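In what follows, chain A forms one complex with chain B and a second complex with chain C.
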Partner chain A sequence: MLNLKIVKEKMNEFPSYLKSWVKTFTGSLTIFCLLILFVMPFLSANQSFTHVFLRQFSLAMIFAIFAASWDLLTGISGQISFGHAIFFGISGYICAYLIKYQSFPIWISIIISTVVAVFFGLAIGFPLLRLKGPYLALGTLAMSLILLKLFLMGSLADWLFGSEGISALPGLAATPVIEYFILFIFMILTFVILIQISKSKFGTILKSIRDDEVGSDASGINTTKYKIYAFMLSSFFAGLAGGFYALYIGAVNPTGNFGTVLSFFAILMASLGGLATISGAALGAFFFIFLEYALIEIGVVEIGNLAIDFGLYKFAIFAVILIVIIRFAEHGILKPLLERLKDLWDLLLGR
Partner chain B sequence: MLEIKKIYHYYGKAKALEEISLKIEEKALDAVIGPNGAGKSTLLRVISGLEEPDRGKIEFLGERIDKLKAHKITKKGISHCPERRRLFFDMSVADNLKMGAYPVKNKEVYKAMKNFVYELFPRLNERRKQRAGTLSGGEQQMLAIARALMSKPKLLLLDEPSLGLAPKIKKRIFDVIEKIKQEGTTTLLVEQDAVLAMDIAENIHLLEEGKIEMRGTKKELEKEPRIKQVYLGI
Partner chain C sequence: MIVDIMNMLFNGTLTGAVYALIAMGYSLVYGVGGIMNLSHGAYFMLTGYLLLWMLQTPFFIGLEWLTVVFALIIITVIGGLTFLLLVKPLQDSHVAVVIVTFGLAFLLEQVVLISPSGTEVWSIGQLRLFQGYTMVFGYPIVHQYVFLIVMSIVIVLLFALFINKSKLGKSIRAVSQDREAAGLMGINASRILLYTVMISALLAGLAAFLYLPGASLDGPSMGWGYLLNSFAVVILGGMGSLIGSVAGAFIVGYTISFTNVFVPYGPSWAHLVPIIIIIVILLIRPQGLFGKKELR
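Here is the complex of A and B:
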């Protein structure tokens, strides 16, 4: 199965591949963005900078991982999920429980919770895969609502920590700067892995299922098997993000970790960047986290007699943005943005 | 090679296939003709496992395949080129072919098949990197046939290859089908255009309302007054 010779060959090719990639426009732009992110924590040692502004970046990175995982399932494999918070929340809860009540080390808890999320992906993917298109979307949405209610009320909820959830968790790292770098590394890893997957033969198979399921069936592809793989892979990364999120916030509760809002966040972010681009998810995540931050910072604005609290109406604004994207940039803004930037760059260089 | 014994298939209560029996010899080119809604496509879907027959038996190379799932049947050597092409529109021509070769694990065979289909359809070679959705109708049909050929099938099922094509391009597609047959691939062709199908097929089966009404060679069928009137328009 795994041919060591091929792996070795690929490893030898890697440096030259990396070099040629950096020389391309998207490659150099990516490196440039990563460099900016890398030096960001060193810009200021100010308490308000590191503890407030820098943490927004960390949050954006968590959501970038989450949105990218959604993009793998929906953008690339065409399995529409409206309930991605399932994996995000379950992983957060497991992680919090293990740390708080079993006093597991942080990293082992994250690994276990991610694995549990994958099992959830399997368990949920299996019955839901008979559904297609909008029905699958409704099925996943219903599943996440059921889980939310299960954790929120009823006799099971007492056992599942009720609406209070679990709080007072330790942070991911001692300082926000270390936390930032941990998330930075994990975000890069996630994106490298997911982009490579989407370019590989496995990714092509997933795309063929998205484009035409009957066609791939007729080509001899076991579509059920690959759809389940897609669910498991996607829930792996969603679970990873969920574990980080629980530690980032320092607490878990049903609405905060299972809320439908989280699923829609993933959809918003990935579709802003563009479906099936993977890297678009990062763009979307940074955009929406900072938009949310800005709206809360702006807070209440008085116009005449009206006092509008922008922080309160952020979702209305997000929804408007989503509608505008769907209407005017169906395939997201990442690709057009890159093209424009390249044009500008060529213009500046006088090409 | 393929033997179908008394197949019945229903969509809910609607009967699509009724007591169909069919035998295809090795290296033959058989055609099933008939009007719209006669059950021609259903017949192919039942053979390739996209639908499970309600009753009856299908044997391929002496093995029962009627209970198998579609991807298993493809691995046994039956390749289905579905109706309305069903291409992967957002993917390149080369990627479409790569997916068609999914059951082929051997790289040498894969390369040989790729060269073979590019030779068969030079146009596809020119458009290797183009998105399948941007091809013209004729090219899309070529790609659909090429994709089905990529798995090196023993039996090729072609569903309405002439659908929505200009007469000149239809002719070109049918020339290729004849060529594929000469290369030794057994082919079962389903076609509305009876004139074209009868030109190239050895055995012709007439399917009407889910039943095989007539069968024979071109010469035999041409004598039938009903075929003349309805299908050949003479």
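Here is the complex of A and C:
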């Protein structure tokens, strides 16, 4: 399957491909954003800046990976998952357990937990992929609710740590700046891999399954196999994000790592950016995290004698945003906005 | 021992009766319009809180029955609005319908959560129509629950009669069998769908009115549990089949109560019953007990 000659050819073509890509609108904009993200930590050495503001960026990167993994499964291959928190949570728990109770090194536990998440993807995908469309959505939602309840169960607290979870984990890195760069590299890697996958033959097959399952079955594609691959691939990146998240927060607990809210976040971020675009997930994640940050920062606003606490209302606001986006702009808002910008750009350059 | 068996039988019937009401509407909406309404559990939860809020208002003191009427009207209207504003414009895309109703369920949960009564456990016991209990073989049979079971059976029978005999019921069946042909016969399919969603919301509201006064309001996230269990019921009975959802509801009900009573640490394991049912049924008989052959 892997033809070395083709790989070599592609490797030789790569510099010129990169050069032409940078000249395009998306390329230059991506490079611009990445440069901004790269210089971000050097702007200030202030404690409040690095420990609060910069960490929001790190959080956004973790969620960008998570949302992109959801987008691969739902946007690209059309298998609706409402329980992506399963992979996120299980990986976080395994990672926390290995570090805290087996004193594994951080990186080995992240690798192991990601692999476990992939096996979960296989184990869950295998029975659930008999379901189609909305059934699958509810099936995955059911799975995540069950796992949440299992982990909350008092009688299993000896094995699953109960509602307390595991706390006091070491951080991903010594300082927030190093943590930022680790996540930055992993985010770029994730997006390069996922975008390449969605453009490759494999991605085309997934899209064909999404658009017409019977048709692709008839043209000789083993749809079940590819759907399970998509499930595993998606759970791999969700698991990666979950492991990072556990270390980022420094603790795991059932509601924080398995809650329906997390699956909801992934859906919201990917839909904000635009379904089936992968890169939209990153835009959505950054937008979302900073909206949340802003809402908490705004806090209580008094209008007349009515006090509105935006920090408390944030989930309701997000739900309204999700409903409005899906209702009026199914393809997301951020990605189409960029496409308008691109038209403007082309107009300005006279292309 | 006899107490345990009574406990299992009674609670199983009770759970089955509640889920029969909830799952029937849920299954009907899917069978007629192919709409997977994830906010169905939220309707149940919201009805409970609507009743609570109205009972807390001084205006309704002495007029408790009026709160029930209002709550049922409001929930039916919310059901109708869900269809008109959110589901109808997006009907062609399964993904969009599922996401948008998921968002609505989440919104309703959050709205209740940020209301002053969001974070505590409440009782709406004022609405119990029957007080007290009778000891049968050493197990207390709560009168309110007996009333629920009887009412549930009556509602199920009335509903079956409505679907089979009335003109609207016949139109609903026609749309569910073949939407285009029904349209050609002069049936306005989207109006029928609207009615179906409203009826399903009404049934969920009725279930809440009958069940919650005897139990308690455990917090706004309880809607998800009811949604999950009715999903198990509907998968077990077969999507779109009314007999299936009633039979499935009682099977799930007895299974849950059996787990509760006879399995060590039962109440915690009972949460796992629905998912086990879902997975087993999907592996051995994906169309459910009474479902049509193909699974859309």
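Basically, the second predicted complex is superposed on the first by the 337 of 351 C-alpha atoms of A that agree within 3 Å, B and C clash if a C-alpha of one lies under 4 Å from a C-alpha of the other, contacts with A are read in each partner's own complex, and residues count from 1 in each chain.
Keep this in mind: a contact is a pair of C-beta atoms (placed from the backbone, for glycine too) under 8 Å apart; a residue touches a chain by one contact, two chains touch by 3 or more.
In this text the structure is predicted, and so the values were computed from the model without any measurement.
Room for both chain B and chain C is found when the two structures are superposed via chain A, with no clash between them. In the overlay built on the shared chain, the residue A:155 is in contact with chain C alone; chain B does not reach it. In the superposition on chain A, A:260 contacts chain C only, with no contact to chain B.
By the touch criterion defined above, A:322 lies against chain C but remains apart from chain B after alignment on the C-alpha atoms of chain A. Touch criterion not met for A:164: it reaches neither chain B nor chain C. In the superposed model, A:222 lies in contact with chain B only, and not with chain C.
Contacts of A:9 after superposition on the shared chain: neither chain B nor chain C is touched. In the superposition on chain A, contact of A:297 is made with neither chain B nor chain C. Taking Cα centres throughout, chain A sits at the apex of an angle toward chain B and chain C that amounts to 70 degrees, reported as a multiple of 10.
Of the two partners chain B and chain C, more residues of chain A are touched by C. Touch criterion not met for A:339: it reaches neither chain B nor chain C.
Smallest inter-chain Cα distance, chain B versus chain C, after superposition on the shared chain: 5 Å.
Once both structures are placed on chain A, no chain A residue is touched by chain B and, in the other complex, by chain C.
Residues of chain B that touch chain A in their complex: 48, 50, 69-71, 74-75, 79-82, 85-91, 95-96, 98-100, 102-103, 147-148, 150-151.
Chain C contributes residues 36, 38, 85-86, 89-90, 93-100, 102-104, 106-107, 110-111, 113-114, 221, 224-225, 227-228, 231-232, 235, 239, 265, 268, 271-272, 274-275, 278-279, 282-283, 286, 295-296 to its touches with chain A in the complex. Residues 201, 204-205, 207-208, 210-212, 214-223 of chain A are the ones that touch chain B when the two sit in their complex.
Chain contact summary for the complex, chain A toward chain C: residues 74, 78, 80, 82, 127-128, 130-135, 137-139, 141-143, 145-146, 149-150, 153-156, 260, 264, 267, 271, 275, 312-313, 315-316, 319-320, 322-323, 326-327, 330.
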